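There are structures below to look over.
Two complexes come next, and they have one chain in common, subunit A, joined by subunit B in the first and subunit C in the second.
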Partner chain A sequence: MTLSLPGAATPEAETRLGFWPVLNDVLHQPAALAGLAIVTVFVLLGIISPLIEPYSVREATCAVFEPPSWQHWFGCDDGGIDVFSLVLRGGRISMIVGATATLIAIGIGATVGILSGYFGGWVDTVLMRITDYFLVIPQIVLMIVIAAVWGPSLSHVIIVIGALMWTSTARLIRAQVKSLRERVYVKRVEALGASHLHIIIRHILPQIGPLLVANTVLAITVAIFNETALAFLGLSDPTAITWGTIMEHAFDRAAVSSGAWWAIVPAGVAVAVLIMGCYMLGRSIEDGLNPRLKVSYLSLHGWKLRPLVGRGPDAI
Partner chain B sequence: MSSAFAIQDLNIWFGANTGSGRAEFHVVKNVSLELAPGERLGLVGESGSGKTTTILAAMGLLPANAEVSGRILLDGTDILRSGEASVAPHRWKDIAMVFQGAMSAFNPVRTIGWQIAEAMQMHGVARGVAMTRRIGELLELVGIPADHAARFPHQLSGGMRQRAMIAMALACEPKVLLADEPTTALDVMVQDQVMKLLVRLSKELNLALVLVTHDLAIVAQSCHRAAVMLKGEVVEQGEVGDLYHRPKHEYTRKLFEATPDVFSTPGAPIRTSPVSTKTEPASPLLEVRDISVSYPRVRSLRDVMRGVELDVPSAVENVSLHVDRGEMVALVGQSGSGKTTTLQAILGMVKARSGSIHLNGRDVTGLTSGQWRPLRRQVQMIYQDPYESLDLRYRVRSTVEEPLRVHGIGLTIKERDSLIHAALERVGLTPVERYLNRFPHELSGGQRQRVAIASAIVLKPELLLADEPVSMLDVSVRAGVLELLDELRTDARMGILMITHDLSTAAHYADRIAVMHQGRIVEEGPAAAVVRSPKADYTRALLASIPHPDPNRSTLADLSA
Partner chain C sequence: MRGSAFIWKRIVFAVVTVFVALTLNFILFRVLPGGPVSQISRVPNASPALKQALTAQFGLDKPLWEQYLLYLQQTLQGNFGVSYMNRQPVFDNLVEAFGNTIPMVATGTILALTLGVVVGVISAVRRGSMTDHLSTNIAVLFYAFPTQFLGMMLLIIFAGALPSAGMNDPFAMGGSGWDSFLDTLKHMILPVTTLALTLYAENALIVRSAMLETLGEDYILTAKAKGVPRRRLIRAHALRNAMLPIVTMVAMSLGAVVTGSIIIEVIFSWPGIGRALYTAVLKRDYPMLQGGFLAITVVVITFNLIADLIYYKLDPRITT
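Moving on to the complex of A and B:
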C-alpha cells in the first residue's frame, strides 16, 4: 500500500533478488553464521569420525556404565563402550540418513509442486489429491508396518521419511509457482513462443531456488529428528549406530534407573544442537527471502525527529 | 493571508541497512509549502520525487526507518515539535488524508458506515444517534445515498469507494485534506467526478487541500497553485496559470510539453490518414471478425448433472478490427471494457467463443499452443508494466537474446550478438555496450520499457500488440516510448494495435481509433474524426471528462455556479 512506498524507494530493496544476492545477504546475519558454523562442525566431525574416535565402537574398552572421566569424556554405556566414540559415529549415520531422506523428499516435493502449480487444471487436481493422501498417513504406524513386514533397516527408514515428508514442500512450491505463473514476465516469455520446459528451467526454477534451499535445510532437521524418533522406538536397524539407537539401547538397558545419565544425554544434546543449527540457518534464509519482514510492520518504534541544531543542509 | 497549513524546511531521510553498513537517502530536501483556508495546492512530480513522502510526514505516518526535520504548522502551531506525540492528536481531527487505493484502504469485512464511525469514535466527535445521522450526512455530502452506509466496500464501485474514502476523511471535520493520487486508479469519467467533488468540498467546507498527483492536467483544472517536485526538492511553485503559460524551470516546461492534449490547437498535426494502401497485399495484416470471448465459470456438479448450461456474460462481444502493415490502431476504453481480453484473444492466450481471427490471411482462431509457437515470431506483445514484464535476474543481453534462443535464430554467438545490437540500437539504448550487462533494476522505467520492446522486435514481428505501453511510465518519458512505436510503424512497417485508456495519446499517435465500451466497439474511425466529431454518446462523454492542461480552459470551473 501507500505506506510501504518510501521503503520500497530505496535501491537495495530491489537488488536483493536472485539466488546469490539472497545467500550473500543471509550470511551477514549472526544467526545464519552461527547455524552455519554448527552444521559445518557436525558435518566435519561426521566425515572424519572413524579417524578421531578414541576407542572402538564395537568392543568394550571400560566398565559397564563407567562415569565420565579424563579417559572417557562421556563415560561408558551398558556394554562398556566409550560413549564419546559412539556419539561421533552415530552422528555420521544420522546425518547421512537425514540428508538422503531430505533429498528424496525435496526432489519429489519440488517436482510435484512445480508440475501442479505450473500446469494447474486437472494435473493440479490429481497431484494435490495424491499429496493430500500422503499427508494423512501416520509416519510411525507406517514405519511399524514396514518394519514388521520387511524387517527394520536403515534404507526403510530413509524411504519412509522421504516418502512422507515431501507433502509440505510440494504445497509450498505449488503456491509459489502458481503466483510466479501469473507474473507478467512469465506471460511475456510464453508469448515469445517459449516452451513450458524452457520457462520452468529458465524462469521458474531460479526464482524458487533459494526457497528450496531454505526448505531443504529445514527439512533436514525434521528428517534427523524423525530418524532419531523411529530409532528410539526400535523401528530402525538395531545394528546400526545412530543417535537414536544409542539412546534406545541406553534406555532399554536401564541407564536411567541406574543413574547413568551420560549414556543418554550426549546423543540427545547432539541431536538438539544440530537441529538448532539447521533451523537457525534455514530460518535466516527464509527471512532473507522475505525482506518485508525487516521493514516497519513489525517495528515497535516510529519515525524519528532529527534536530537541526548545529547542522544545516550542508552538514549532511 | 493567514495560513491554515504550512510546511517549512521539511527534510526527510530514509535509512537502509545494506549488507555491510547503513546507507542514507535524503528523499525530501528543504520543502516549504503554505496553504490558506479553502486553497487548493497541487503537488506535482514523477514517481520517486518525494511528494507522497512529504504528505505522509505531515500525517506522521512515515515508516520507522525515516528521520524528519523541519516544521509543519497547523494554524501557526508546529505539530512536528515533539514528533509522533504532537502529531497524533491532530491526525484525522485537523489533518485528514485520502489514500490512493480505495480498495486497500478499506477493511473488506466491515461496512462503510462502521469504518466511518470508527474514525469518529476514536476522536470522540460523535456517538449514538447523532453519529448515525452524521454518517448519513457525510455520505450525502460526497454524493452517496445515506442508506449505503450498511454496504461493504466490495459492493461499491471504484468511484463510490473513493467518495466513501473522502467521506471518511471528512468525518472529524478536518481543516486540511491531503489527497494522495486520489484518482490515479480510476477511469477518466470517474476521475472527473471525484475531482469535481473534491473541489466542491474544498469550497463548501473551506478546506485547505493538498493534491498529490503526477497529472498536470488535473492540477490545472482543480487547483489554485501548484508546486513541482523533482528529486525531493520543490523546483517551482506558483499559480497554475503562471506555471502553464510562463514556466520558469526547465522541468516544469518539460512536464507540460509531455502532457498530451487531446484538444490541441486546430493547426496541430493530429495524424492524418496513413500512406496509401494501394501497394499493400490484399489481405490485411490482422483481421478480427466478430469475435466474442467469455470467461467460463466452473459449473457446479449439480449443474453438470442437471445439464444446466451457465449463462456466461461475454467479456468481448462481436468485436471486429483490422490492422494493416504500417498502421497504428488504438483501442480506447475504460478498465473492464474488454480491451485486454481482445488482445489476449488475438494472441491466442484465451479462446474466442465465436468469430475468427486472421493473421496475414491465415486463420489462427482455434490453434493449439503448440501450433501457435512458430507463429509467435510474427506477433509480439508489449506489456503495460515494464517493472513486471522483465525477469529481474536477467541482464539486458539475456533478455533480448532469449527470444532468439527460443526460436533458434542465429547459430553463432556473433550472429545473435549483431541482432541484439541492432534491436537495442533500434529502441534507442545507445551506446549499446553500456546497457548490455545491466540488470533491469539498474534501468529507469522508460529504459526498461525499451528493453521490453527490443526483446519483442528482435524477432522482427509484423504485428505488435501494445497493452497500455506507457501508462506506468512517468509523463516525461512517455512521449519517447510512443515516438519509438511510431518509428517502428513507419520505418519497419509494423502494424501496431495499442490499447490505451487515454484518448489524448490515441489521438496523437494512432491512425485509427476504436472506442470500446462494455465489450463492444461503439465507434471506429480515423483518429482525427473520432476526436473532433465523435458520433457515439460514449465517446463524447469520454472526451468531455478529459482534464485540460490549460487552467483557463477549465472544465471544472463551471461548478462554482
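Moving on to the complex of A and C:
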C-alpha cells in the first residue's frame, strides 16, 4: 500500500523563499547594492586601517585644534592628534564592538525565538514573558546603570549592549517560526521521524535565514548607536578609540566652543554613512521578503492586483 | 476575551514589570559583588544622625532578605535615600528634574510625531515619485546621525544666535514671569529641534511602510472603485487602519525618547532627569542613579500601558 502524503505532488511554494533566491532578488535593487557597497568599503577600511593611518593615533603630530590642511585632511583634535587617523582607527574598534554585540544579541534572540516558536506551550509562555519585560524596561538607562556599576570597559559595553538588544529579534523570529512550524513540509519531515534538532537546522533555519540577515544588519545600527551613546556619557573605556569616544572627547574638551567642527564631523559622518549603508541593505532584504509592499492601489501609475502569494495560508 | 479582562491583564503586567525593575535595581546595587552595595548611608559630610536614620530605614545592618523588604517598603513610600551630591532626598531631586524635562521632551516628541506622520503619509501616497525618494532619503539621513552629533552641530551653527545652555539666562534679573517664560522658550529651541530631528525620521519611515501596507489592501481598491474622493480615501480608509502600527511605534520609541533626551540634556546643560542621571554616574552618586533608573522605568512602563489601552480602543478585537 502506498501512502500518499498531502501536497506531495505540488511544487513547494516555499522554495522560492530560500536563502539564495531572496538574496539574489534583493541584490538587484539599487538601494541594496549601494548599502552593500558602503558596508563593504567600511569593513575593508576597518581591516586595513593600521596600515593606512597616515599619523600616530596616540602621539601629537600637529597643533591643538589645527584646522584641516593638506597635511592633515581632517585637522587635529585637542591633543594635536590627526583626526583622519583617529576616525580610521575608531571605525575599526566601533565596528568590532557593533558586530560582536550584534552577534550576541542575534544569537540570544534567534535561540529564544526559535525555541519559543517551535515548541510553543509553556516554553513559549515563559520565554515570551521574559522578552516582554526586557522590551518594556528602558534599555539605555539600564545600560547606563550596569555600565556605571561594573565600571567602564569595552567588553562590558559589548556584553551590556548584546544582552539587552535581543528582544525584537526574538519576537520577529518567533512569529516566523510559528508559521513555518505549520507548513506541510515540516509536518511531513516530522512524521518521517526527523529529530527536532534536524528539523530546526535543516528546515527552519534556511527559511528564516534572510530575515535573520536583515535583522542582523539592522541591529548593527542600533549597537553602534548605543556604543556612541554610552561612550558619550563616559561609560565606555576612556582609553579606547571609537567613534563614540572621539565625539565624547571633542565635546568634553570644548571643541564646540572653539568652533573646531573638524574634531566632531568626521566621526559623526562616518557613523551616519555606515548606518545608512546598513539600513539600506537591511531594509531592502526585509522589503524583499514582504510582497505586500509591492502593491499600492493608490499608485499614480495605474494599479495592479496584489499577487496571490501574499494571501491566505501562503501569506508570509 | 472580554475587554475588561484585557485591560486588567495589561495593568497586572505593568505592576509586575515595575516589581521586576525594583528587584533588578536591588540586585544591581546591593547584591552583586563589586557593586556599590548597601552604601546608601555613606553620604559624604553627612551628620551622624542622618547616617543613623538611613541605616535604620534601610536596615543596612540586617540580613539581605530583610533589607529587600525594607527597601521595597521605603521605595513605595517615595524614600529613595539621600543624594550624595547635594544631600537632599533623592525623591525631591527627581521631582524637580522631571518637572524640567517634561516640557522639553513633550514638545519635541509631539513635533516629531506630527512631522513623522505628515512626511510618512505623503511619501507613501506618492510612492516612487521624486517627493517620496527625497523625503525618505532625508529621513534615513537624519535617522543615521547620532543624537550627540546633531546636537553639537546645531550648537556650533547657532552658538551666537540662540541660547545654548541651561533653561534660563542666569544674568536676566528681575524680569516678569512672562519674560522668564519667553526666555525658557528661547532656551528650548535648540534641544527641542535636536530631539524632533532625531525622532521624526524613524516615525516617518514606520508611518510610510504602515501606510504602504494598508494602501495595498483590497478595501482600498473597493473604496477607490466606489469613487471615494482621494483625500477621504487617504484619511479615513488608509490612515485610520495604519494607526495600529503607529501607536505601537510611539510606545516602542519611548526608549529612544529617553536615550535622546539624556544625551540632549547633557549637550545643552538642560537641568532635567537625563542630566541628573549623567551627573549621578560621573559623581558616583548611587542613590540618585538608582532613583533615576526606577523613576524612568516607571514612567516608560506607564506610557506603554497607556499605549496598550489606546491600542485596545482602536482595535477591540485585540486579545493578547
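In this section, the second predicted complex is superposed on the first by the 278 of 316 C-alpha atoms of A that agree within 3 Å, B and C clash if a C-alpha of one lies under 4 Å from a C-alpha of the other, contacts with A are read in each partner's own complex, and residues count from 1 in each chain.
What we mean here is this: contacts are C-beta pairs under 8 Å (C-beta built on N, C-alpha and C of every residue); 3 or more make two chains touch, one makes a residue touch a chain.
Being a predicted model, the structure only gives us computed values, none of them experimental.
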item: First, second, both or neither for A:His28, with subunit B first and subunit C second; value: first
item: Touching partner for A:Ser49 - first (subunit B), second (subunit C), both, neither; value: neither
item: Partner chain(s) touched by A:His203 [first = subunit B, second = subunit C, both, neither]; value: first
item: First (subunit B), second (subunit C), both or neither touched by A:Arg183; value: first
item: Partner chain(s) touched by A:Ser195 [first = subunit B, second = subunit C, both, neither]; value: first
item: Partner chain in contact with A:Gly234 - subunit B first, subunit C second, else both or neither; value: second
item: Residues of subunit A at both interfaces, subunit B in one complex, subunit C in the other; value: 294-296, 299, 301, 303, 306
item: Subunit A - residues contacting subunit B, complex; value: 1-7, 9-15, 17-18, 24-25, 28, 183-185, 187-195, 198, 202-203, 206-207, 294-296, 299, 301-308, 313, 316
item: For the subunit A and subunit C complex, residues of the former touching the latter; value: 132-133, 135-142, 144-146, 148-151, 221, 225, 228-229, 232-235, 247-248, 250-251, 255-257, 259, 261, 264-265, 267-268, 271-273, 275-276, 279-280, 292-301, 303, 306
item: Contact set on subunit B toward subunit A in their complex; value: 9, 11, 13-14, 16-20, 23, 25-27, 29-30, 48, 52-53, 56-57, 60-70, 80, 82-84, 99-101, 104-105, 180, 347, 349, 372-377, 380-381, 383-385, 388-393, 402-403, 406-407, 441, 452, 455, 459
item: Subunit C to subunit A touching residues, read off their complex; value: 13, 17, 20-21, 24-25, 28-29, 32, 34-36, 124-129, 140-141, 143-149, 152-153, 155-156, 159, 209, 212-213, 215-218, 220-221, 224, 230, 233-234, 238, 252, 254-255, 258-259, 262-263, 266-267, 277-278, 281-282, 284, 289-290, 292-293, 296-297, 300-301, 304
